[in-house]
Amino acid sequence: MIKIGLVGFGKAGQAVAQVLQDDPRYELSWIARRAAATPGVTAPGMNTSMVVLPTADDWSQWLDSHPVDALVDFSRPESLHLYGEQVRYRGLMLVSAISAYSPDDLDYARTLGSSARVLCSPNITVGINFLIMAAGLLRKIAPFADVEIVEQHFREKPEVSGTARKIAQSINVDEHHITSLRLGGIVGQHEVIFGFPYQTVRLIHNSIERRAFGTGAAFALAELARCVNGFYTFDDLLMRMVRKQLITEQ
Amino acid sequence: MIKIGLVGFGKAGQAVAQVLQDDPRYELSWIARRAAATPGVTAPGMNTSMVVLPTADDWSQWLDSHPVDALVDFSRPESLHLYGEQVRYRGLMLVSAISAYSPDDLDYARTLGSSARVLCSPNITVGINFLIMAAGLLRKIAPFADVEIVEQHFREKPEVSGTARKIAQSINVDEHHITSLRLGGIVGQHEVIFGFPYQTVRLIHNSIERRAFGTGAAFALAELARCVNGFYTFDDLLMRMVRKQLITEQ
Amino acid sequence: MIKIGLVGFGKAGQAVAQVLQDDPRYELSWIARRAAATPGVTAPGMNTSMVVLPTADDWSQWLDSHPVDALVDFSRPESLHLYGEQVRYRGLMLVSAISAYSPDDLDYARTLGSSARVLCSPNITVGINFLIMAAGLLRKIAPFADVEIVEQHFREKPEVSGTARKIAQSINVDEHHITSLRLGGIVGQHEVIFGFPYQTVRLIHNSIERRAFGTGAAFALAELARCVNGFYTFDDLLMRMVRKQLITEQ
Amino acid sequence: MIKIGLVGFGKAGQAVAQVLQDDPRYELSWIARRAAATPGVTAPGMNTSMVVLPTADDWSQWLDSHPVDALVDFSRPESLHLYGEQVRYRGLMLVSAISAYSPDDLDYARTLGSSARVLCSPNITVGINFLIMAAGLLRKIAPFADVEIVEQHFREKPEVSGTARKIAQSINVDEHHITSLRLGGIVGQHEVIFGFPYQTVRLIHNSIERRAFGTGAAFALAELARCVNGFYTFDDLLMRMVRKQLITEQ
């Protein structure tokens, strides 16, 4: 059983914690969060003990006394620099879903890949990453088809979905082919439409709940455990599975 | 420009003929059909001359005087045995979309693959074949997801869609997970739904017109022209493109 | 059996003719078209005889010798003024699907309503008109819901769909809530999405073929036959059916 | 501002409470629940005080000291008989969403309608009730169209959706035209498909969260406040709005 330390306990972190603690493949050993919590107090709805996010010095000590095999990070970009050298030194697996990393942050994360298995992906769900991959394949097979991307989210979401932009970029379609609709309380829907002369193909992803991030993190960890040291994105993992699959079938 | 002889001029054949004669990559040299037509008379809506489907002896003579690079067959299983030896002897490309071949017919077609490029696939559209491939990939990535297949066709279609059964088989899902709805004049919709705990992925294909078969045949010919001699299915061609793609990206 | 004369034999007119001649409630007596046809020659695929569209004088004579109960017009705005006085004088039913009528044309058509049953509607299908009506009802019931209209059509369609604009107007939504996607060969899809805080409602219409205009014209005629003299739109007919329904249920 | 007492604090009740306390039109005065709670203690996440569900005798006393204008009931069938006479005697508005009422329970609820405004509906959301109404209208307009109902819910839901059966019944379609798909964690999707020869109409409802029940209850109360005493279903309220609308437009 893989022992996990979860960094970050905001809305996403809480949802992830629920999923990880219910997954028999993992033991969620502890959760670190920024806001001071009474030491030893259990997080609401959780069986594991909480700890205040320690400083860089604390991380070494903390991991000595509370060793884990993997870190899952749903906190903020800064955290990476606090625990990063521990990942390198101890060879911890790292799954980080932070979307706000600067290029410098990502460069640093990449250096950790030489002595550990590190995955950084702002889109941490199987479904979204499959959508990106499948859209990419069809785009290569049929570059002549028209493509439109439609994303639908809750009324308050201000900017174009980052996932939609990622899809557009990865299939080499101009961003003015993205349509953003804001409607009531829709959690998140992404649709990629391929228009052929006499047929259409639609790839649709619907998010139901934030806990999808937890399933995605669990999925990523299981795959990462089978990889050699290196820096990965979620796409890389999927492509790795697909390649293996395609070679087997040949 | 690749010269094509089209075998079969039923509803599908007529739609295919329209597409092929409009595609600048191809020259549709002639169409052979079973029903006797006045020699030299042009098919309705077509620029090419018609010929009555000849016997096996005739095929040799016919191809001597009307040489082509490729045969496209939308007729009946029997035709294969009439023109087959010409394919072998002349090294013609063959794209056949017959769905009613017996195992023996397919065995014979396979033997032609040793001296020609032969493609046999009952599903000849890019969209449907992509759907089958994408569903197969997601099934491998996420075997734990629930899967349902829903096909919708015009009221009169009596049996379960062969394409839906092909999808079920290729992703190893029991046929009782296929739902067949019969509604008015729907040309054809296939949907594969993957249900995850906190997200869903839907792959949807809509047929607009029979001419999709023509686009598919044209697509297959273009790919086949880049292959070595052998027996192929449409899936093979797509997988070949995808593999090439994946290796390039690595 | 209601005897019909069809005015106009372009793409829409031809599709309509096919439907009307197969509908046992109607007898399609003749078709008038602008381009000169050899008198007495049958239109392609049709059992009825053809006639060149006559001038205003001719209409009187033509209808004396070829009497009908109803005119169905899929031609051009001018035709109305050629046959209009015959409609008034003979009390013919008229179903016109011309979308390019000027306000003056419509004023003239309205005057015919005092001595005949006249329906003018650019959207002549049951489905589209139901969509407009249903969207209007939900808008009244839940004015607080967010609304978006998405229309998808074939690549070459240049302007925003008139139907989408009609929907926007009838539910009092600004036209920047219409999204127009152009994709391959899509015949026509209109979707009205209502976003509530915790639920969504989607009303979707898909056109399969132009023959839907024929079914719509046949439907309109059947309803019109039950009305008193007057000027109607398709909406009016539907609302009339719905009102009757609602009163019965009360 | 309408003062509300909420009866029932299970999963649905809790979601409803959240919505009602955020709606400026209402004051959620108290919540009664079956399980004993410490008197005066606030429910988790709620600003209002809690009370243990009292016996029939207690209700009189409770309402004397904690008067409200309306009761909203998301508890169990039994509760109706405990507070029923208070509804009658005090002329309280009642919105009940209990689906397990026996015919006798409903008969009793109907008697309350003579001295109060009473709404009982197992489907308490605007979206679902609109779907039922719209499907009913289209069915009347186009009885010749093919109809299929497809409902999709989370894997564990054992039986056919009651809402789907209600739709089937209200549009007079046999229940074998209902397809139930069970897929991962889908909260709830209902689709009614009308297949015409050359077009299709799809009416789709998606549930996002249980809090939709709260919005529905708030909506029902606002409408009920405009009605005379009587027994209503949610359909009745919608039809009332629609009728008013249709008459205004006439």
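The letters A, B, C and D name the chains in turn, as written, and every chain counts its residues from 1.
As a working rule, a residue touches a chain if its C-beta (ideal position, glycine included) is under 8 Å from a C-beta of that chain, and two chains touch if they have at least 3 such contacts.
Computed from a prediction, not measured in an experiment: that's the story for all the values here.
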Give me the fewest steps it takes to get from subunit A to subunit C if each step has to go to a chain it touches. 1
Would you mind pulling out the distance in Å between where the CA atoms of subunit A average out and where those of subunit D do? 39
What is the distance in Å between the mean C-alpha positions of subunit B and subunit D? 52
Check: subunit A positions touching at least 2 other chains come out as 184-186, 194, 196-200, 208-209
Chain adjacency by touch: line, ring, star, complete or other shape? complete
Would you tell me which residues of subunit A are touching subunit C in their complex? 145-146, 148, 150, 152, 155, 179, 181-186, 193-200
Report the residues of subunit A in contact with subunit D in the complex, numbered from low to high. 184-187, 208-209
Would you tell me which residues of subunit C are touching subunit D in their complex? 125-128, 130-131, 133-134, 137-138, 140-142, 194, 196-212, 214-215, 219, 238-239, 241-243, 245-246, 249-250
